[in-house]
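Sharing a structure with you now.
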Amino acid sequence: MPDVTNNERYQKGWATLSKINDKAGERILKLLEDVCPDMAKLVIEFPYGDIYSRPGLDLKTRELITIASLTTLGFAKDQLKAHVYNALNAGCSKEEIIEVIMQMSVYAGFPAALNGLFAVKEVLTEKGLLNK
Amino acid sequence: MPDVTNNERYQKGWATLSKINDKAGERILKLLEDVCPDMAKLVIEFPYGDIYSRPGLDLKTRELITIASLTTLGFAKDQLKAHVYNALNAGCSKEEIIEVIMQMSVYAGFPAALNGLFAVKEVLTEKGLLNK
Amino acid sequence: MPDVTNNERYQKGWATLSKINDKAGERILKLLEDVCPDMAKLVIEFPYGDIYSRPGLDLKTRELITIASLTTLGFAKDQLKAHVYNALNAGCSKEEIIEVIMQMSVYAGFPAALNGLFAVKEVLTEKGLLNK
Amino acid sequence: MPDVTNNERYQKGWATLSKINDKAGERILKLLEDVCPDMAKLVIEFPYGDIYSRPGLDLKTRELITIASLTTLGFAKDQLKAHVYNALNAGCSKEEIIEVIMQMSVYAGFPAALNGLFAVKEVLTEKGLLNK
Amino acid sequence: MPDVTNNERYQKGWATLSKINDKAGERILKLLEDVCPDMAKLVIEFPYGDIYSRPGLDLKTRELITIASLTTLGFAKDQLKAHVYNALNAGCSKEEIIEVIMQMSVYAGFPAALNGLFAVKEVLTEKGLLNK
Amino acid sequence: MPDVTNNERYQKGWATLSKINDKAGERILKLLEDVCPDMAKLVIEFPYGDIYSRPGLDLKTRELITIASLTTLGFAKDQLKAHVYNALNAGCSKEEIIEVIMQMSVYAGFPAALNGLFAVKEVLTEKGLLNK
């Protein structure tokens, strides 16, 4: 962990993110360290420290609504794949994740939903969880 | 109910929609009857007959992911208000609905999330559920 | 017509737009005259002078693909209503226009398609063309 | 064809899709068979069985408005390429397809239109139809 | 100011926002107080405390890029109007603001740019700054 | 330069674009020459001849608002990379470009902003400007 982190929100964010995915925090730091390390700090602090750490929803629901939002955006394939991993870690079944994305065909259209399912397929293949 | 409805999907969709909101079906028929009644039929059959009637997610979760998607789209205020009503009927608390929309600030940005909260505020005002 | 218009593209654009809707050009000039008259000039020159004046598609098809695009954007209700007027003037039937918007439910989702149909309904009401 | 298909809408959808592209149906089934075969069924039934099979527009116009919508979405390159194939099969000329996408520069902006043209270029290259 | 505000980021955010618009902070608190006061706190802390308070860009540039982004989103008229006010306060001329939005016709399309100009027109009318 | 270019707007656009990036014009002609050379002409004429050549904003500001818009669109990675090159040529520092994209996390959400930063990272790597 870098030395920018001696503040409560960062530590809370890091703890929450580590609970969901124990490698995600370091992956974000690594991806941004030579282009914009301040952004990595903001990602830990705002989404994970301020939002995901709130008590109002369980982590499983938080991951499912994130998958709904990322599928709707349409352009965020890498983030969608990361949150499919997180959702599986948070206790969502692959059937639930797929069901969320199917429902997005109603609101975001079929291309967004199909691309969402293809992203899930890549994750499930990487994890050896795809149906034979 | 119009006579186009003697098919299984329509009846299943109507039943599912009526469970969530017993006035929504007739409201959709009414809104579309003089411009495109076939679209009303498709709304009952596809989103409600084919998707919401599937067993993979409970109605509460289906409403929360819909609220996430509609907030992300940004332009669908009327549909968002309708689904806030539906979510309350499906057993979601107002706190959960608000929490879902707050989280959308991370993925869809603050303008989308703020407009989502203002839509919720209108519904809660209409239902007399707003905090004093 | 303002005096900025003594160039070929503007005159071609004005002629093309006038063929579709003989009041649209002056309406655009009027709407923008005190905030950004240069933009009105660009609207006549680029979309109508450069694009709609090209020979590759008939005006009817141009209006239908515009309606598809505006429905997909979701946030452009005023422009969609204007192009529903234009499409009717260009010889599209109201049934064709409605059919285009229904198909958008597949690609842009149901909220975008429904809002598109409600925009058509407003135009048909204004023109006294709605089904009794 | 899987055994889920003994219903009228699926068969109508399959027939309509086969008329446009005799390999598209099996390609969709294949892509989704191990992640979400129910979604493949919905793709055949709703877009092709319910929408494209309607009489109100000819297939050529249906493909052109789809290309307009997919170009506008901006993120749906694979679907856009597939519909460029379909549009050519449905009797659209490559000039018409290109003209539709050019017009999208007005409504969806130049980046969306340029990416649409690059997708067309890939299809025309694959089919040996690109200008020398 | 509410009592949730005894933290450095909130105070920095409030100070930055007050410099841009001395009524905006209280307006946000008021709009959200009965539906989601925590969101008002996040708006002060994250956009204004974490982002606008950073040294890397002057406030004038920050407001112009915000106007570019909000025009591109298309659905955020109220936020766009608020930032037109803020941009004028931060020292942008109305000509610069209009020029930014005109340029968005290239990237976000003409409907987004035109709606942006109509939002500016409303602000300029309210402030008595519109050309006669 | 092709022979379609003996008009004032094309020449003004080519001059403006060459000032920003002396290879961009030929790259656009090359990319589009066998699929849609008319579109290359429009790109030179409208964005560069009509918009970027206007006096109201300096080139540096024009590039920064373009980066804001392209980051917000989310799907325009190639255009974003091209404009990061252009912005560096127009005198923007890499710190300013990164700061613009960070601010987009507020309006377009974190996935759009993160993808924007990854695009910048690719450009900086290609130019050997990334922090060690």
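We just call them A, B, C, D, E and F in the order they show up, numbering each chain from 1.
Just so we're on the same page, a contact is a pair of C-beta atoms (placed from the backbone, for glycine too) under 8 Å apart; a residue touches a chain by one contact, two chains touch by 3 or more.
Because the structure is predicted, anything quoted here is derived from the model rather than measured.
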Among the chains here, which has the CA centroid at the largest distance from chain A's centroid? C
Counting C-beta pairs in contact, which comes out ahead: A-F or E-F? E-F
Nearest 5 degrees is plenty: how much rotation brings the CA atoms of chain D onto those of chain F? 120
Taking each chain's centre as the mean of its C-alpha atoms, which one ends up farthest from the centre of chain F? B
Fraction-based call for chain E against chain B, same above half, different below: different
Report the inter-chain centroid distance for chain D and chain E in whole angstrom, where each centroid is the mean of the CA atoms. 40
Starting from the mean Cα coordinates of chain A and chain D, work out the distance between those two points in Å. 30
CA centre of chain C versus CA centre of chain D: separation in Å? 25
Please report how many Å separate the Cα centroid of chain A from that of chain E, as a whole number. 29
Where does chain B touch two or more other chains at once, residue-wise? 38, 42, 46-47, 54, 70, 73-76, 98, 102, 105-112
Write out the stretch or stretches of chain D touching chain F in their complex. 73-75, 98, 101-102, 105, 109-115, 117-118, 120-121, 124, 130-132
In the complex of these two chains, what residues of chain B are touching chain C? 31-32, 34-36, 38-39, 42-43, 46-47, 70, 73-76, 78-79
Listed in rising order, the residues of chain F that touch chain C in the complex are 38, 42, 45-46, 50, 54
Would you tell me which residues of chain A are touching chain B in their complex? 46-47, 51-52, 54, 56-57, 61-62, 64-73, 76, 79, 95-96, 98-100, 102-108
For the complex, which residues does chain B have touching chain F? 105-112
